[in-house]
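What follows is subunit A paired twice: with subunit B in the first complex and subunit C in the second.
Now for the complex of A and B:
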């Protein structure tokens, strides 16, 4: 982040009282920064940290809008129920793990390949870059609509293409079939997710000094070796950080699955977050939903700490 | 160019570029294709890859009968208000961070950083309860407040970077000439950071335009639906009108793509670098 730019070394401006305004100015100036950040603080505290605290509070309560007569302090009951009586919790955790691992790894590989591709010199490069990045600006809901039109069993273009090429014998209900639904949702989300990696990795590629490539060319290194020994080490910090951000993002991502499959069929696409959303939206079970959220948050936090430790992420390594 | 070089360039550049473009652009093409077909042609076999006859009926149905005109106005209004507040508040925060040394500054920066680790999905339940007690469910205000809050931290840090790049001497000169602090911000700082300001505004707009989960949770009346909510409900209907659904998607697509087309050049150079940390 560009916060290493010339900041206030001694902040001359503060004491820069103009001749006209006399001595009142410096006193008044001291309060200006607080005045300027106050709207942000009020909003963040009231609508981000206060509700966040509420989640922890509700997780210790029975809070079910459909059964209000049971509402009240529940201690750790919700958590005990999650870990001992809720097979759906472990099932959704497993779906989440499959979802996050397949999304992040495939998005990273494809995004890197596309970034390398778009880093070459060719005609109309600006146009092709913009086109390749466009799905980044498309919402999960729109992605769901567009892909559901293509996946549709009867009128979908995917069945039609595969039939024409003789790859399948009969039409497949991609989103209703328990064997194809997961892969189908994965492909739709890849379409939307790859540009994020392509964008960030292309930005990192442009920061690698050109001389390094010239030197390796002189030494006669192959394309693969150049990538392995020059490009990859320079991308390391970007890759560590983007994969972490993306893991958190995909773990919490719910709108595509919500709209494309609703978590079905037979809960085969119900991720952890999808399960929380179900509890909140359909079951109206706020206490239990909050407890699930707290557990999910704990899992993510633990993951982030371990991941940064294991990958030995170093900020100093970056130029 | 030798034959070998040409072959090499085909496999390293042209072929992968073609595959990328097909994978990226075909879903857009198919949505537009479906939106322009007559109802009967959509379900016809063999599938028509180029519509045999074009109609705009689907757009008419989506806009007037389904209510996309209403969703569109709601989305536009909420996105515009959010961008307005985010730009003003983020500029103020960015100015305070880049021009002043004040007590509690590092604590405030830490607060901004922490917000980035709070998943939005975690807050749908408590926010629903808060806005319900404020009587703001199905009120655009609840969404504007929520979006402004969530967009503010990242944009404030960006504005801090932009404003730090403006030389202080400009401001000092203006103050000697008798400008007060707000006049300095409006007449000196904002014009100097305008390109960055527009880019952050555009990206905020795209985020808000696309947001689903909060809007779904905080809206329960059809008249207050935003575009993503309208599309989501339409998709879940028992008898889906595919032509109108595709037309509605195109209506929702166009502003996002126009905005993106304008701001994408900042992505790789500016914001992409910011994501790097």
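Now for the complex of A and C:
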């Protein structure tokens, strides 16, 4: 109805512009939206784009507080060093890949199972829902302390229980043994990460129209087929978005690994982000740390673009 | 907006969140010279003091000293900021980069070269030269502090000296009829004898985690008797065959006579192992006396000097002092010096060192009774007063000395303990890093 539009616009304008007229009124209307969003823009520029630009700038610099005599423009030297002279970079990238793949896949599967269970009707459902989500509400540092105490070789509850049940015959230093440390940290992070998937998938499950399940029941579909053809397609967008977010978060996860193992022993749990922290924060090599961050940024950006493309995220809506 | 652009924007925002925390917002540090206090006479000023090793075992004593100082100096308030030892250096580094420094701070001697080359500290020579007690401070410690920096000025006033030693369970050794070690052979044999896994007891605990490099280096040189950190040609002695020999014996203890978790042991975990009765002996310094005395009865434990080296004399690491510095950004250098001279005076040093169990640098303080009666202090004095005791001086003057220990040596030690690397590979890597650092430093000095 094109003829309605001018009338509607005019009536909207009249609400707030009675004292104004002519050119002044047009300028005011033109600028007022920018004024409203300007605080957000200032904050984004100050806290996102400025640091972002800084990281790119420093990635091209020699800026090492422990070797200040070499500080200055480095060109692509930091990147050349990363790809040709730094075996620790590839080692930490490999640890990151193992960490992200295992975390995201296991959290997704376990979170979906829990969400499906909690979506059923049973007694004390609210209590169990609250209990299942509790780990997500606990701070990362607290989680690390709790797990480090449980894993403690001398007084940890895990060794104590395993000894009592006769499953081990001597205490194990879970976080000190190169064979067990990675799996131990994985378990701790799983405990904290599963509720994220459980919460979001449960919310998505509740949005699936009940009529679809009723129709499938009438058609005689099995539970598995109902899950495959009704539940899963409706969960797709949620799964794509949550796995993307979780991949970025897990890739950047520092607090749990830092507090449980510090990246050790012997770099066996040093992920890419831990390595960035080690170089930029501990070694004070801000230039090299920034270059590593730029590489990590590139990896995540490429992953995000490819993943969204391959998963055809939100395609249905656009079509 | 096209879908492609939408995807790229979404991805960029998601991934850029990780970058936001990594930027360093300042360029090269530009710190101006402090030029006298900007205070009018009688005006009350506040100076900020950063304690680099805060904790329940130490902070209350600083609070008491600050109270005394403020009572004697009504126009000066001291704002105490305690930092855990583990993260203190990082906080200083960030503060130097951000030019947001305290007036006075506790500074380890090993940080001096790094801090001065970055222009963060104020030379204290004009104040020190006029101080009435200057001749009573340990001259060697003062000279070491001058030697360690490029311009040979005085940037830190030492108030405490430390010395690495062994702490052992005297009651267990006595009960087992084992004599506390006098030689290195005794040391290794005693550890084997004191291990009893049926009682969940280990003969020793290695510090394999953060800070382990410092202790390891002191043990190596104490064993070998080598006193040159570099030989005449500039080659590091870290990978000397005697050190290889020691390391093989020492790390041979791991898991058999020490707990498996030693590989990640920091200070806290190692001391907890000793104080809770899991291990019979640890290596630390006399400064952990405060921790042991709170958990164990006096008859249960004792300090013991390292055995004499293979050459027959004690070998001790130099530069093992701590003290206070004034930061260049201070607006109140006179008041800052007043506070430092108070902390370095005999009564303050006596009080402080008695509480934390370390050696004062003020000659009046070392003549007091507590000093003469403390077993662990006298064990340290025995070593320091031995006319045959020799010192070695690591290259703490290179600004990346500490960084090498933290970034190369600590993980390198773990790599050997976990079987990923050999002792030879580890020591060669350590030596190479020190040689490179020294060479770079000398090139820089020669350029100047």
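Heads up, the rule we're going with is that the second predicted complex is superposed on the first by the 280 of 319 C-alpha atoms of A that agree within 3 Å, B and C clash if a C-alpha of one lies under 4 Å from a C-alpha of the other, contacts with A are read in each partner's own complex, and residues count from 1 in each chain.
In this section, a contact is a pair of C-beta atoms (placed from the backbone, for glycine too) under 8 Å apart; a residue touches a chain by one contact, two chains touch by 3 or more.
Here the structure is a predicted model, which means the values were calculated and not measured.
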| item | value |
| --- | --- |
| First (subunit B), second (subunit C), both or neither touched by A:238 | first |
| Which superposed partner A:145 touches (first subunit B, second subunit C, both, neither) | first |
| Contacts of A:172 with subunit B and subunit C, given as first, second, both or neither | second |
| Partner chain(s) touched by A:132 [first = subunit B, second = subunit C, both, neither] | first |
| Contacts of A:80 with subunit B and subunit C, given as first, second, both or neither | neither |
| First, second, both or neither for A:281, with subunit B first and subunit C second | both |
| Which of subunit B and subunit C A:309 touches, first, second, both or neither | second |
| Partner chain in contact with A:117 - subunit B first, subunit C second, else both or neither | first |
| Partner with the higher number of touched subunit A residues, subunit C or subunit B | B |
| Touched partner set for A:55, first subunit B, second subunit C, both or neither | both |
| Contacts on subunit A seen with subunit B and repeated with subunit C across the two complexes | 47-48, 50-52, 54-55, 58, 152, 154, 245, 248, 251-252, 262, 273, 276, 280-281, 286, 289-290, 293, 296-297, 300-301, 304, 318 |
| Touch list for subunit B against partner subunit A, complex | 12-13, 16-17, 20-21, 23-25, 27-28, 30-31, 34, 42-43, 45-47, 49, 89-90, 92-93, 95-102, 105, 108, 111-112, 115, 117-130, 145-146, 148-150, 152-153, 156-157, 160-162, 164-165, 168, 171-172, 175-176, 178, 181, 206, 209-213, 216-217, 228, 231-232, 235-236, 242, 245-246, 248-249, 252-253, 256-257, 259-261, 264-265, 267-269, 272-277 |
| Residues of subunit A touching subunit C in the complex | 47-48, 50-55, 58, 63-71, 152-154, 170-173, 175-178, 244-245, 248, 251-252, 261-262, 264-268, 273, 276, 278, 280-284, 286, 289-290, 293, 296-297, 300-301, 304-305, 308-309, 313, 318 |
| Contact set on subunit A toward subunit B in their complex | 1-3, 5-8, 11-14, 16, 18, 20, 29-30, 32-34, 36-37, 39-41, 43-44, 47-48, 50-52, 54-55, 58, 113-114, 117, 120, 122, 126, 128-150, 152, 154-155, 157, 160, 191, 199-200, 202-204, 206-207, 237-238, 241-242, 245, 248, 251-252, 254-255, 258-259, 262, 273, 276-277, 280-281, 286, 289-290, 293, 296-297, 300-301, 304, 315, 318 |
| Interface residues, subunit C side, partner subunit A - complex | 3, 7-8, 10-12, 14-25, 28, 90, 93, 96-97, 114, 117-118, 197, 200, 208-210, 259-264, 273, 276, 278, 399-400, 402-403, 406-407, 411, 414-415, 417-421, 440, 444, 447 |
